[in-house]
Structures are given as C-alpha cells and as structure tokens.
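Alright, structures below, take your time with them.
Each of the next two complexes has chain A plus one more chain, namely chain B in the first and chain C in the second.
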Partner chain A sequence: MIGRAPGWIVPLVGAFALIWIVPIVGLVVTSLRPISEIILGWWSLQEFTLTLDAWIVVWDKYPLAYAFWISTKIAVISTIIPMLLAPAAAYAFHFLKFRFRRLLLILIINAFVLPNQVVIIPLFRLWRELGLIDNIWSVIIPFAGLSFAWAVFLVKNYLEDFPNELIEAAQVDGCGPLARFFYIVLPNALTPIAAVGILQFMWTWNGLLLPVVFLRDELPLTALLARIQGVYDRNWDQVAVAAIITTIVPLMIFIVFQRYFTAGAQTKSGSKE
Partner chain B sequence: MALAETASPDGPIGPSTARLRPAALRQLSDTQAAWLLLTPLLLFFGVSVIYPVIETIRLSFFEIRGLAPPKFDGFGNYIRLFSDANFLNSMKVTLVWALTATFFSVLIGWGLAMLCSLNPQKTLVFRVMIFAAYGVSEAVSGFMWLGIYRPDYGLLNGILEAIGLTNLTQPWLGNPSTALGSVIVAYVWTQVGLPLMTCFASIQSIPKNLFEAAYIDGAKSGSVMRHIIAPLSMPGVRVAIFINLLNSLKAFDLIFMLTGGGPVRSTETVGFFMYRESMLNFKLGYGAASTVILLIAVLVVSIPLILKRTGDAK
Partner chain C sequence: MATLELDGIKKKYGELEVVEGLDLSVEEGSFTVFVGPSGCGKSTLLRMIAGLEEITAGELRIDGERMNDATPVERGVSMVFQNYALYPHMSVEKNIAFGLKMLGLPRDDIKRRVAAAAETLQIGALLKRRPSQLSGGQRQRVAIGRAIVREPRLFLFDEPLSNLDAELRVTMRVELAKLHRQIGATMIYVTHDQTEALTLADKIVVLRDGAIEQAGTPMELYLDPANAFVAGFIGSPQMNFLPVTTTGTDAGLRLSSAELYALNVVPDGAGWGADMTLDLGIRPEHLQVGEDLPVRFDINVDVVENLGGTRYVYGSTASGKSVIAETRADAIPRAGDKVTVGFDPVRARYFNANGQRLRHKLAA
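Showing the complex of A and B:
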C-alpha cells in the first residue's frame, strides 16, 4: 500500500483498460449477432439482433467437446513436466558444482530464442519415422522441451534470493544434495513453480503451429479454430464462438491464479527487510 | 510376494535399488546429484531442441529443391541469402518489428504498472482486464484485430469516419506503408500484460518504509514516482525487455493471421521468410540457412545478457 494517490489515476487506468478490452468485446458481440449484421461491422447499430444461432451451429457441426478434451490433455501433461523438471534443474544449476554446468545452462537458457518453426521440419521427419504423427506426444514433447529455457530461468532467478544459510545448515546436519533439494528448496520454491505452471498452461493451450503440423484427427481447440476459419464462407460468427471457447480456459486459469504469477515474476530487487 | 521382494533392499533388483536407499543418497557427490536431477530434462531437451538445431544446421549446407535428393552445397545458401533482397528485407522487418514492439509494450506496461502501484486495490480489476489480452492466443487476437482493421466495415475506419477524418481511412493491412505498423499495434496489445505484471511485482517488493520516509519528508506522488518507483522497478523492466524482445523475435501466429507476410513482403519477418522458403517453396536448405543466421544474430545479442545471469554456483 503506497497510498496518497492523486484522484485521476483510477479513472485514467480505467479508461485505458476499457479501451484495452474493445477487441475482446468485439469478439463476444460477433458471436452473438447474425452474420448479415456483422458484415456491416460488429459495432454497427443500424440493426441490432442478439442470437445464439452461431453457438448452436458450431456445437452441432464441430467436435468441440472432443477438441476441448484433447486441449486439456495436451496442456495438462505439457505443464506438469516442466513444473517437475525445471525446479530440479534450476536447483542443480544454482546450488551444485559440476562439470559443464555453465555450458549446459547457457545452452538451455539460449533455447529461449529458438523460434518454434525451427523444430518443425526435423521433428516432423523424426515423428514420421517413429510413427508418432497424430499422437498427442508429438506435441507434448516439444512443448515441454521448448519450455525449459524460460522455466529454468524463472525458477533460478527466484533462487537468487534463496537464503544460503538454510542450505548450509542442512548441509551441516548431514543432508545430501538431493535431500537439500527435496526438503529445503522445493517446498520453498512453490511460487515460481506455480508461475511456470500458469504460463506454460496458457502457452500450450494457445499453441497453434505445432498441433497444426503434427496432428491430424486429434485436434485441440486452436487447431479446430484454424480449421473452422479456413472454411471459405463468411462464418465469422462461428469463428468467434470457437475463439471464445478456446480463450475461456486460459483466461479463467489466469484470472484465478494471477497473484501467483505476480509473485513468481518478482525479481531480485534488493528488498530484504 | 513379488512386492515384498522389490521392497526388500537385498532383493533381486540388486545394485540399482541399493543405490536409491537414503543412506546412499546422502553420499552422492554434487556432480552425481546434478546429473540425476538433470537427466530427464536433458532427454526432452535433446529431442526437441538439440536434435532439431543440429539438423537445421546440417540442412543449411545442402541445396534441397522439392523432392530431389539433397546436394551438398557448402556455404552456397548463405552466400545466396546475403544477395537476396527479400531476405535482407526480412532482416530489416524483424529488427523494426522486435525493437518497436518491445519498446512500446514495455513502455506502456511499465507506465501502467507505476500508475497502478499508487493505488493497487482500486486498479486490480483494470490490471486483470489489461493482462487478459495476454491470455488470448495470437491466433484469436489475429481474428479480433481483423474486425478492427477491415477496410470496408472495420472499427478503426468506422471511428475515423464518425469523427470526420474520412481522408485517413484506408485498408490498414493492405497498404504496404501501414501494414507493419498495424500488425505491431495488434501485437503490442497482446504483449503489454507481461511488463505490466513483472514491473508491478517489482514495485510491490520495494520496501514500504522508503515510501513512508518520502511522504514524511513531504514528497509529492510525482517525485515519489520519479525518484523511488521508477529506478527501483528496473529489475522488472529488465526481465520484461528480455522476455518481450525474445518473444517478438519468435512471433509468427499473429502475422500469419493478419497479413501472411504481405502486402509486398512489408510484414515478412525472418521467421516468416523461413516458413515461406521451406514450407511453401520447399527449399528446405535455404530456409534452414536463414534460420541459422537469425539464431546467430539473436545469440550475439542475448549471450552477454545471459552470461551475466549464469554466474558461479553458490
């Protein structure tokens, strides 16, 4: 609580936020109006009819529930893997001394810059040989593999502030390096782990490129959305419905857990009171 | 019975179970523990990062046209790239795209974070509203922004007409001189949430007594912002710049949805150039070489930043 804010701050930020959600409002309105009206702009008021037609059509025509289930499976598994493995790696990099430590760390964190498109062609050939095309693991493995760069970075960044005395005390009491991780560091690093989970869930749920290339029938929501959009008629109302269904889950997750994210993004700032 | 056998330390499983007993674990050296903790991660990492990168580098030395057998070509692809006006253009677009998008995302997010931090309770809802855009996938935001930029009945042209600026209306995404700017605006819209959050978190961790002291000394909120909040929120700003810059270099889905790289390649980033050459023109080697150049460029920029953050173990 910093307080003594001038009165104009809240209205100013509020106005900004309202402008910020105009595209989202547009999406909702588009899904609720007949296509004949949307063609004149979703915001036009010459005629204004609200209808759930598009919702019903999309629900009947496309396997939404199934795609929802696939999205859930992919996002949950690809989120759990880095939540387990990134803290272990961050601990090893931060508190243990071993050969190639620096080299490995640089390799892993630098993968952050790797564009998703790079992995597609080599992995496509590999998956084809292994018969993994149209298997959700063809998407989960790169989703997990590509997440480590920032996930390790985030957890390690948090460990910079971790009190070294705790580690030393445990060492004196005879805790080995693994015990120090499981009993000392892990229980105290739940915040960045939660942040990793939230971000990774949002990104894997929203991912489009990998599922489109590697999956054929087991389509998650984003890929289904692209498919609905690819239909060559004016079906913007239906696309909007699919877009809302695609967006709702990561948005809810985010709103519910945003305080963990805030805490996880907290960085070393010399605040040791 | 089988169960009891597995659980017994002297069972037929032998040395591997023995190694996992707590007494043995305590004697693990740092090196052994580190590799034990890292191996599963390295497996995923090897398959989905190391292997594709090595394969991409290998492909970049081959001339591959469609289904014809690959022909080793040394640095041929690289030499051709640097005389390819389209590739040089894509480098320029990438640079403009990444710098402008990052600059505005971080500036807006940081400014909002500072304003919000003066009244955290009452601005919570607004922060969530702005951050919500970050939860919307690029594919979906592309669709939303199409409704704004549409030349016939888009919201932007509609507003311009309504306020009498009809001469400014134009096909925002169809005009080569406005397309890149328009896509950047849409991209900034999706990205501002991240700097807002990291900067806000950074400000929240500033010791409260600093503010009390400042107010007791009679500081106004303007100078508190300039002399306390702005300088002490720099860690959040740095993280945001790092993440936003690297994310913008990878951006693909939004450009794909809005312009597909056009018109006349005015929004074609290197990522998109690579996609066009390898996926649409089937010149895998050529596309791979363009990615390798992008990777090298990014590494040159990011390695000093990362080296700073990978100091010695405690």
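Showing the complex of A and C:
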C-alpha cells in the first residue's frame, strides 16, 4: 500500500515511548508500595505488596481537597484574563493605527525577558503594604501580568497570516473597529487563544515560586507538595501521591485540548489555495 | 444608483505617488471598467472609492456630495473582493445577511432580502453551507450576493473573476453583464484582463502609472486609441507596430519601410513632418495572409496558433521585426514557410516616437 509506514517504525517508536513513560510508571508504583520496599528501588521485585496506605495518609494529613480548590481558582482566573485580553491587544497592535503603537508593543513584549525571580522582592513589599499576602490575588496578578508578553506575541503572530480582505469586507459591511474584532477576528482566532489558555493553565497550575513566597494558608497543590517533601522522614510514597494529584489535571487538560495544538488556522477566506 | 466624480484624486505613500491627480466622472447606472497592467494604481483607486484607502488630495463625490472621509457604509458602496473574502465561520446565509445585520435591519426584512438575493443568483440551495464547502464559482456568487443584498448606490468589483478557471470566467462574465442589466446599478470593475474590459464595459478607463491614458467606450478605445500604450493594451493578440519613415510635405507624406512597402498619408493634425520615424500600428485581425489587400509584404512563419475558427500566424519580417497576422483560410501555413500578408491602409494607426497618436486623413 502506498504511504504505509515501514514495519520497523512501530517497535522503534514504541521503545522511545516506553523510555518516556518510565518516570510516570515509577511514580505510580512508588505511591502504591510501602516505604520499606521503595528503599530497594521501586522496580525491585524481592518483595511486592500493593497498598493504598500512602494515599490514605496524605488525604488525612494534608488539606488536599482545599489545595486543589485553591490551585483551580488561581489557575482558572489567571488563565481567563490573558485569554480575554491578549487577543484584544494583539488585534489592536496588528490592525489598528494609533500613536506610540510600536513603543507600547515593545514595552509589553519586553516583559518576555523578565524572569519571575526578579519581581518577587518588589512585589512582596508591595503586597505587604497592601495587605495582600496570603490572598490568591497576590499570585494571580503577576501570573496574568507576566503572561501578556508571550500571549500577545503568540496571538499577534497568528494574526500576521490573517487575511486582510476579511477585515476590509467587514469594514465595507459596516463594522467599526470593535465589531470587526468581535464578529470577524475573534471567531477565527480560536486556535491561538486556546494555545494561550493551555500554556497559561499549565504554567500557573505548576507555578511554585510565587505561591510559596506570597501564600501562607491558602496553599495550592504545588506548594503543598513542597511542604510534604519538606519533612525529614522518608516519605517518598506520600510525595509520589501528591505529585500524581498535581500532575493529573494538566495531563487531562492536555489530552482534551491537544487538537488545538495541531489544528491548522481556520481563517481561509474562501479563495482557492 | 449614483454618479461618481473624481476631482484631482491623488494617492501618496510617503514620497511615492501611486495615483497622480486623476479626474473622472462615472454616469449613473453605467458599467465602468478600470483596466491596466499590474501596479498601475487601479486597485488603489478602487479602494479609495470604497473608503478603504485614504485619499491624499483631491475630492471624491458621490451624487454630488463630498465623500472623502465617509465610511464605506455612508458612501453606500459594496465591494466584491478578488479572493471573495467570505467569512469562513459563517454560513452562506449569514455571510449575505451580515451587512444588513450591522445596519440593524429587522429580522424579517433581512430574511426577505437574503432570499431575494439568493434567488437572483441561484444560490438558494447553498444557504446553510460554509464557504469551505463551496466551489470557486459558488463562492463568487455568494460574494456577489453579499454585495447586492445591501442595495448599494455603487458596486465595486476588484478583479472578481481572476481566481476562476477559464471556462467559469466566461460564464460569470456573461452573468455579471446580465446582473448589471437586471439591477441597473452603477458598477465599477477593476481588471487587468482587456477581454473582460471590452466585453463588460460601457466605459473603459485605461490606467498606467497612476494616470489615465484614455477613457471611452470599448469601440472608441479599439478603433481610435489615443496612444500606442492603449492601442497595444486593448485588443488581443496585441497590435503590431512596424517602423516606417516619412518623406514629402505636410500636405501629403509618403511612408516607406524596410519591409519594402510604401503608402501615402494625408496628415490631419499636428506632429507630422518629413524624415521622421513612426510606428505604424496594425491589429493582427487586420493583417491578413494573402495577396488580395492593397499593402503587402512577406514574413517568415515561426509559429501558427490554430484556434479552430481562426489562426494566428506568428512570424518575422525581412528586417527581423516580429508580427502577428491572421488567416481564416483552411490552408494553414507551416513554420518556416514564407507567406505574403497584407492590410488595408484604412486600418492603420500611426504613433510617434513617444507613443503619441498622429491622426491622418484617409489618402485620396
């Protein structure tokens, strides 16, 4: 058959996939075996018992459900903000003409080069002044703010290929700048907006540094995981449980929305390619 | 329906002047075609009329009213784009209705007008489809539907047929002509295809380098071109240009050429003189293979293009000048043959070295 992959491809790719999945298998197995066995290595088969002890301990000892709720709040709010505002900014920078456009764009994109660590001290002092320490907004604001650089850049790049005739057709049809954005650009820019959403969600869900510094009791999962790990005893099984719980959400999100990473631009204006 | 007047319209991008002080008036209900080679400013001009491009200087009036800074809707124009520009996320019906929705028309009104437009263009069966599910010709109809549904004062077409295949282009050309007769609106059409211009237009405006070379009816431009550019651009295949030299006086000049033919010309207007080198322009359809026309010379045949009903003979003269002649005879010359071609001097047009037309009386 034409276009059929050669036979050796499948075992080769399979082997690579196996290497990829080994850490995850290790994580799951670690969470399900008693600590006495894990010390010999999670792969050791001298003794093999499966137990849910670690899961029960973690569930009892740590406020996992609450941390899950905090994580969700932080990640969802700091994802929605750039999903709404980045396309609007990208549209304005790409299609509208106004004073200082270039300068403003450079200022926003410049935040690209700003690492998290740099903003921690000044932000910490600001939040302390404002009494925002241990308030989830102390994390959401920098999460959303720092995302604009790449989010605006990503959507604007996508709009580079956006057919200008569509904008002009809408203009002839009587759309002002806002109507053009809502009726024409937004419905045809779902791909980059979804990409912004997925990337930002992953980043904020997995974010550790800012929550650890700014939050005390309102801890998200990642910070809680760090706390579990912080204890001196050998509790690798419990750490594995926490890690699985933390990882499961981004994994699901990725599996559900991965088609947005592969979907092509939906902006064909109807001309013959 | 509307009249359009352009008064000293200019367009500059920085220092670059792409449209230079253009005057034109378009009559109510007429079909005007802007034609010219790429980069001549015809699309820019159309976009300025549409309100998509700022006018650097001059005045644009629709029905006598200054419209330089008006939005497309205030101008009452609608436009069909070269690649259709259908909204990909909307059904055909919504595409057509979108402009009306933006105008805030009542739902029933919109429905009725969309149905009427669909009826006119015979796209009723496609209303629920997306643009990606349509063929090129269907997309073209939808784009036209989107334009007519608004009942604009002025229709603008920007090379609407250039994305269609040859056969469909001919069909759509006829349909556009019918549509114009049916709705009687003022239409302005941009194309680089002189066939479209000749077949569709009431008035053709030939543009080059941002200026009007000539404006007139198709037959005026075909029979009475103002210069060599228009003469060469209108008509297909292109007009032949053959160098000739003049001797004699203003009252009567003798033209002779390297091809060993000669004829007499009585000047009618300025620009003529003795000892000049001119271009004699003769269209391929007037340069016939055979011995029966008054002015004759020989050519060596390079290629023969057989179109069935007629054939074009591509050849070169004794002095190496390429010419195209026509023959309707069944005996087809072959490459390498030497054939005699001839023309009637009545059909000849003369141009000076700058390409300006030199008018003449038919020699007595």
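Methods note: the second predicted complex is superposed on the first by the 260 of 273 C-alpha atoms of A that agree within 3 Å, B and C clash if a C-alpha of one lies under 4 Å from a C-alpha of the other, contacts with A are read in each partner's own complex, and residues count from 1 in each chain.
Keep in mind that, in the parts below, contacts are C-beta pairs under 8 Å (C-beta built on N, C-alpha and C of every residue); 3 or more make two chains touch, one makes a residue touch a chain.
Since the model is a prediction, treat every value here as computed from it, not as a measurement.
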{"item": "First, second, both or neither for A:Asp173, with chain B first and chain C second", "value": "second"}
{"item": "Contacts of A:Pro163 with chain B and chain C, given as first, second, both or neither", "value": "second"}
{"item": "Which of chain B and chain C A:Thr30 touches, first, second, both or neither", "value": "first"}
{"item": "Touched partner set for A:Ile184, first chain B, second chain C, both or neither", "value": "second"}
{"item": "Chain B or chain C, by number of chain A residues touched", "value": "B"}
{"item": "First, second, both or neither for A:Val118, with chain B first and chain C second", "value": "first"}
{"item": "Touching partner for A:Pro250 - first (chain B), second (chain C), both, neither", "value": "first"}
{"item": "Contacts of A:Ala54 with chain B and chain C, given as first, second, both or neither", "value": "neither"}
{"item": "Residues of chain A that lie at the interface with chain B and also at the interface with chain C", "value": "174-175, 179, 266-269, 271"}
{"item": "Footprint of chain A on chain B - complex, ascending", "value": "22, 25-31, 33-38, 40-42, 44-45, 47-53, 55-56, 59, 112, 115-123, 125-141, 143-145, 147-148, 150, 153-155, 158, 189, 192, 197-198, 200-202, 204-209, 211, 215, 221, 224, 232, 235-236, 238-239, 243, 246, 249-250, 252-253, 271, 274-275, 278, 284, 288, 291, 294-295, 298-299, 302-303, 306-307, 309-310, 313-314"}
{"item": "Chain B-touching residues of chain A, taken from the complex the two chains share", "value": "1-6, 9-10, 12-14, 16-18, 20-24, 26-27, 30, 39-44, 81, 85-86, 88-89, 91-99, 101-102, 104-123, 125-126, 141-142, 144-146, 148, 150, 152-153, 156-157, 164, 167, 174-179, 181, 202, 205-209, 222, 225-226, 229, 236, 239-240, 243, 246-247, 250-251, 253-255, 258, 261-263, 265-269, 271, 273"}
{"item": "Footprint of chain A on chain C - complex, ascending", "value": "50-52, 71-73, 77-79, 81-89, 98-99, 102-103, 131-132, 134, 136, 139, 143, 146, 150, 163"}
{"item": "Chain A residues touching chain C - in the complex, by the definition given at the top", "value": "163, 165-166, 168-175, 179, 183-184, 187-188, 266-272"}
